[in-house]
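Here come two complexes built around chain A, the first alongside chain B, the second alongside chain C.
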Partner chain A sequence: MVLPLRGKVEKAQAYWVFVTPAVFLYLLVFGFPIVLSVILSLSNYNGGKMFGGDPWTIVGFQQYQKLVGDPNFWFALKNNVYIVLVSVFGQIPLGFILAYLIYRKIVRWGEGWQAILYVPAIISVIVLGIMWKLVFASNGLLADIMNHTYANAFMAGLNHIIQSMNGGFNITDDVVKQIIGLSNKDNLQAFSDPVSEIKDLIVTGGYSLQNIDSFKIDMTNLLSPKWSPDFMNKADLSMIPIMFVTLWCWTGMYLILFHANMQKIDDQIIEAARIDGASEMQVMWNIIVPNLSGVIANAAILCIAGSLNTFALIWAMTAGGPMNVTQVLAIYMYQNAFIGAPNFPLANAISMAIVAFSFVLIGVTLYIERKYGGKDA
Partner chain B sequence: MIIQRTAGVVGKAIAYLTMLLFSVMTVYPVIWLLINSFKSTPEYMADKIGLPKEWIVANYAGAWKLGSFDMAIINSIIYTGFAAAGTILLSVLAGFAFAKISSKATKFIYGSFVLGILLSITSLMVPLYLEVSQLDKVIGDLLLSFGWLKDARDFHFFYNNRIGMILIYIGAGLPISVYLCTEYVKSIPDSLVEAARIDGAGYFQIFWRIILPMATPIATTVAVLTVPNIWNEFALVNIIVSDNDLKSLPLGILRFSGTMTTDYGKQFAALTIGLMPMLLFYIAFRKRITAGVSGGAVKG
Partner chain C sequence: MKKLALILGLATLIVFGASAADKTTLKFYYYADATQAGYAEEMAYFDKFKAQNPDIDLQMEISTNQPYHEKLSAYISAGQIPDVFYLWPTSRDSSALIQDKKLAKDLSTVLPKDLLSKFSPLALNVNNQSSKQLSELPQSFTYTTTVYANTGLLKSMGLKVPSTYAEMKALVPKLKAKGIQTLLLPNADKWPAQSCLFSTISGRFLGDEFIDAVKAGNAKFTDKAFVDTLAFFQQMYTDGVLDKSNITMGYGDGPGVFASGKAAFFVDGDWRVAAYLTDKTTGKALIAPAVQKTDFDLINLPALPGEKNKGSVSAIAGTGLGINKDLTGAKLAAAVKLLSFYYGKEMQTLKWETGAYVPNRTDITTNKLEPLAVKLPLYYKTVAKTTYVLDGSLDPSVFNILNDGLQALGLGAKTPAAIAAEMQAAQDALAKKM
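Now for the complex of A and B:
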């Protein structure tokens, strides 16, 4: 009888020795911060020693009330919703369709495509964010490509006009009007009477058939339409690059996830359906989607949790700017805690709001899956 | 038949074009980055698309030195290596207990870990920061009262301290890895553990001799998932570490890019330096990484 008892004690000891380190660090990083956040969001604590420093007390739901009436909070939430939407209704369907193309061998080299498309998911979003910032900048790659395209189109139009002069170089009002027709309004704003002024410019410029190339280049530089949406500095456009990069970054990961789970489906069902005349679209919608509804729901949950907590990518691209137009909840929380005069109770209230929104959206996802999802997920 | 076949060909063409479009969008920006990292700033301003006329390798030396990326990479290796190893060890330990040692506490504790998968550490960064800065004060006062410390004001166990940062990273990675390890250890037959018990082996011996060696596949999975997560982590290290000598690579890149806004050549070189370690890691372990991701272990 002594042995089993000793065994029991040893068993309990071993259990707690094995579990305690993990539990301790879990409490350190998740458990206590949540409790602390709830308490501080209801308090007037604002820095200093929590124990034995300046006294602070629980003052109630003031911070939450403040948040409800705070336009910045709702604005940040709106931007988060954009990111949630582009994630759930962008990354997931796109990843799913690409996975299906590979799974059904509609495209070959499936392994290769997957290997390439996963790359962004493994690289630091700080690096990628700065990279895309340089692409979308007002003097960045995208503007450069667009301006080259416009310049080439302008040049082609110019060539056409020169050809129609039948070997001469006779600048009439009509020719100038044609050239102006290739340009756009913004470039002509500098002129009060474009036709006569540009005609003067050409005539006094000393252009002829001998230096026709410099004529073309000068005209293109002067009049070719310029493309400058300047994404990063315009309030109504600045979320577009962020949403694009969000989509760009994670679609490959969902592709991998869906493709791996598609391979678990019994392909005899699919072959039978195809023989019965079902199209690939029907197979995807009626067989694959229901079979993977559980995986899709899991993907959506991770997507939602990730999107509501998006921080580093936006921090690298815009840091919430310009003038806070790309503000999201995590950045608003960060600003309240670490920039300028700290407001820790408010920051903690935002923290709790993020957690609450995540759980509500996750609950909705699970409800939808349970109600409409396939059975054997 | 003909209509169907034409539709099939058109469909295939669209499918290939889609794949190609997405692949080009993925690869081209990276190649663009690489090409421009060899250009001088004036050349970049004049031509953002073409190849450099003169390949300026000095951009790398300059960026490396100005950004002290040697230090940043060493720090990243320290954070990632220790935190990944710690995560694996603690997860397999806990997983062994949850899966093979029956206890009434398992349901609650293990359930809490699984719930933690849904919690993002970013949303808790403010309370976490406040918690560890208070702990720093408490630990400092404690050491002072023991007489092990002369002055507690500059003492930090978490803030600006590699050990604290590593512990936080281990904690942050635990929910998903404890889940993976527990489910894996469950698949190891009970009879192996029972036989060893009958032979008189203690639980520690069983852990070292049976469970840990058998858990190598799941440990690898946890490793390939955890390493990029920690290496790329930004939100936490950004608030916990302010000392330049302790900064990780993402922090170093961001700081460099903020101070070198007009030196495009070096900026691109720094981004390439930031991109390379994980790209090489991916090339070396691609199969394992994608297998791990598709195991449902995603956190994005």
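Now for the complex of A and C:
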């Protein structure tokens, strides 16, 4: 049907009446902050009133140059890449496989598993971060378990030494040396002459066969090797607990996403394939994966964007420490904006870098999706 | 009937509208820890201020520790600085911009002269503030190193309070055998090691003159004396006096761990006394007053081997309230009223009684102090001299490296020389900018 001219004008007017408020709102909420962030990243603005306060000007790409030359930036980016990798190549495949197991009823109580695996995704990440921090802390659950094990081993060794005293309590240099042999160098570095100092401690400590249990406990406290989660202080290794928690936290969300989309696939296709002799693996690889490739690509985009923005979980777990070894770009930006001596242009330049990396990675994902064909179920 | 309702409605609107318009809104961003003793009483005092000043709409927002600084920094970055805020005298976190860019009023020009005259000259010395003006009125003088000693625990083990570092080191195996740490220093937040311990160590070994010389370009952090000072701090971990498991312990966890007897000594600022006193709303105290009296003491850091300034402690003008420099007219008058109330006799007496600090206001006396608060002025008497708190003296670009570096030293991840070199590079870059 061809509209008369008046009708076309009215249609155009109606279009703009409906669209303009939404566009205006969008520009206000999304467009303006992005443009402002770009401007600030190129400026020398450093707090106070933006208009009417101290004058500030556009100074060019100074902050970007500073970023490129800053090893902390590349370190934070590397940590972000770890998160991206565990998200894209961990959460998505794991979520997909779990969804398939439940969808094909290969595991029993599928709905129960679905609920259990999804629970972390609905709990506040701050709460989860604090919980896991308590697990990995130097005096946390993991250290407690390990130290208990070490203490038991030390105590067993000590019992053996006491038994070799044949019912007496004669502390000689040899006995002290044997006890020290159960310890490690970390415990001994506080002593300049471990044998004589520890022997003196034992002799003056009032220990005897009557209070032998007290002796054993005190020696265990003093000399039993201590385990501490030192890997949490080392570059790269410190990201392992964070990657583990990230995987644990969000896999359930992708499970739900994939499971919901799997239910749109015609059962008859799968049944036909099974009758033709296809294995579950072949069904998954040749029917389910191609049908869900579009969903997988979208999930990858969500993963990448989320991974580059990741902040709250790491902030609650480690706050980027110790010694900034768990710092990611969002924390690096936050620290430059709000902690210590703020540098707002640099913080905005970091946020622009996050956006740029997101675009690059999402572009790669879309390219792969187009090249290998993507469609929704 | 409809007309009557309309008239009544309009009248109500006019009355309430007019009363709202008459009020002066004062946005007050305050620093307080709701879990500490005295919080409820302090809030009750602010309620009293509100009742006494119905013409002021006091809009309070309260936060503590790092979140306080982060939010104030966000306010500054948005150009929405509160009307009245809590401020540090130097470039500490959110205070850096306010002090350095003079975003707060010079209180010596707006506060009543009779109020200022009641404060010690030390509080009014503008050289204590980065802005070189009275941007905040320091409510106290803060000793950032205070060693809290569990003397009851030591006594029960037949041990003595150490007066030298060697004596403290000798306690390590005896305490460790009983599963007790020697000197607790929670340092996940990075600043405590620098502010509460290293500043005093630096003052003892090098004195303020070394820091002044570095700032003037006449000495370097890479000089052997400073590298050795860093090395001594690292040695404290090797000796077992400090425990590296504390490096990832949050600042807020310290008082609880110490009060539970897991450490014989705890190093923190003098402000931490407040954490142990009785919370009058619950009647509970982390350390009961009777136990505070018999089993706990505040002592000076033991003498360090080869120290130059015996008995010195790092100290700095305390925190206080500041007023937004843009305030004028009724808002400024309301802000001055609030500060006059805050620095008044009643509020400052409460602050002392709740262990927050010993006030700089000189006319405060009270007989309601708990034992640990009574011990605070006695501890001050043991301080031979005060020296710089490094985050109050150095630029953030330099002291942030030191804060990170002290963590790294404890973990054995960096050498003293490497940290000194990084600090010197930052100091050189700063000198170039100036």
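By definition in this document, the second predicted complex is superposed on the first by the 250 of 377 C-alpha atoms of A that agree within 3 Å, B and C clash if a C-alpha of one lies under 4 Å from a C-alpha of the other, contacts with A are read in each partner's own complex, and residues count from 1 in each chain.
The rule is short, and it goes like this: contacts are C-beta pairs under 8 Å (C-beta built on N, C-alpha and C of every residue); 3 or more make two chains touch, one makes a residue touch a chain.
The model shown is predicted, which means the values in this text are computed figures rather than measured ones.
Contact with chain B, but none with chain C, is seen for A:362 once the two complexes are overlaid on the shared chain. With both structures placed on the common chain, the touch criterion links A:219 to chain C but leaves chain B unconnected. In the superposed pair of complexes, A:37 makes contact with chain B only, with no contact to chain C.
Within the superposed three-chain model, A:191 lies in touch with chain C and out of touch with chain B [touch as defined at top]. When the two complexes are overlaid on their common chain A, residue A:322 makes contact with chain C while staying clear of chain B.
Within the superposed three-chain arrangement, the count of touched residues of chain A is higher for B, of the candidates chain B and chain C.
By the touch criterion stated above, A:205 is placed in contact with chain C alone, chain B being left untouched.
Look at A:337: by the touch rule set out above, it reaches both chain B and chain C. On chain A, the patch touched by chain B and the patch touched by chain C overlap at residues 49-51, 139, 334, 337-338, 344.
Across the complex, chain C meets chain A through its residues 66, 69-70, 73-74, 76-77, 79, 81, 91, 93-94, 96-97, 101, 103, 169, 172-174, 176-179, 188, 190, 238-240, 244-249, 395-397, 400, 404, 407-408, 411, 413-414. Across the complex, chain A is touched by residues 11-12, 15-16, 18-19, 22-23, 25-27, 29-30, 32-33, 45, 48-49, 90-91, 93-94, 96-98, 101, 103, 105, 109, 112-113, 116, 118-131, 134, 137-138, 167-168, 170-172, 174-175, 178, 197, 202-204, 207, 228, 231-232, 234-235, 238-239, 249-250, 253-254, 257, 264, 267-268, 271, 274-275, 278-279, 281-282, 286, 289-291, 293-296, 298-300 of chain B. Listing the residues of chain A that touch chain B in their complex gives 7, 10-12, 14-15, 18-19, 21-23, 25-26, 28-34, 36-37, 40, 49-51, 97-98, 101, 106-107, 113-127, 130-132, 134-135, 139-141, 144-145, 148, 248, 250-253, 256-257, 259-261, 280, 295, 298-299, 301-303, 305-306, 308-312, 315-316, 330, 333-334, 337-338, 344, 347-348, 350-351, 354-355, 358-359, 362. By the touch criterion given at the top, residues 46-51, 53-54, 137-139, 143, 189-191, 197-198, 201, 205, 218-219, 221-222, 228, 230, 232-234, 319, 321-324, 334, 337-342, 344 of chain A touch chain C in their complex.
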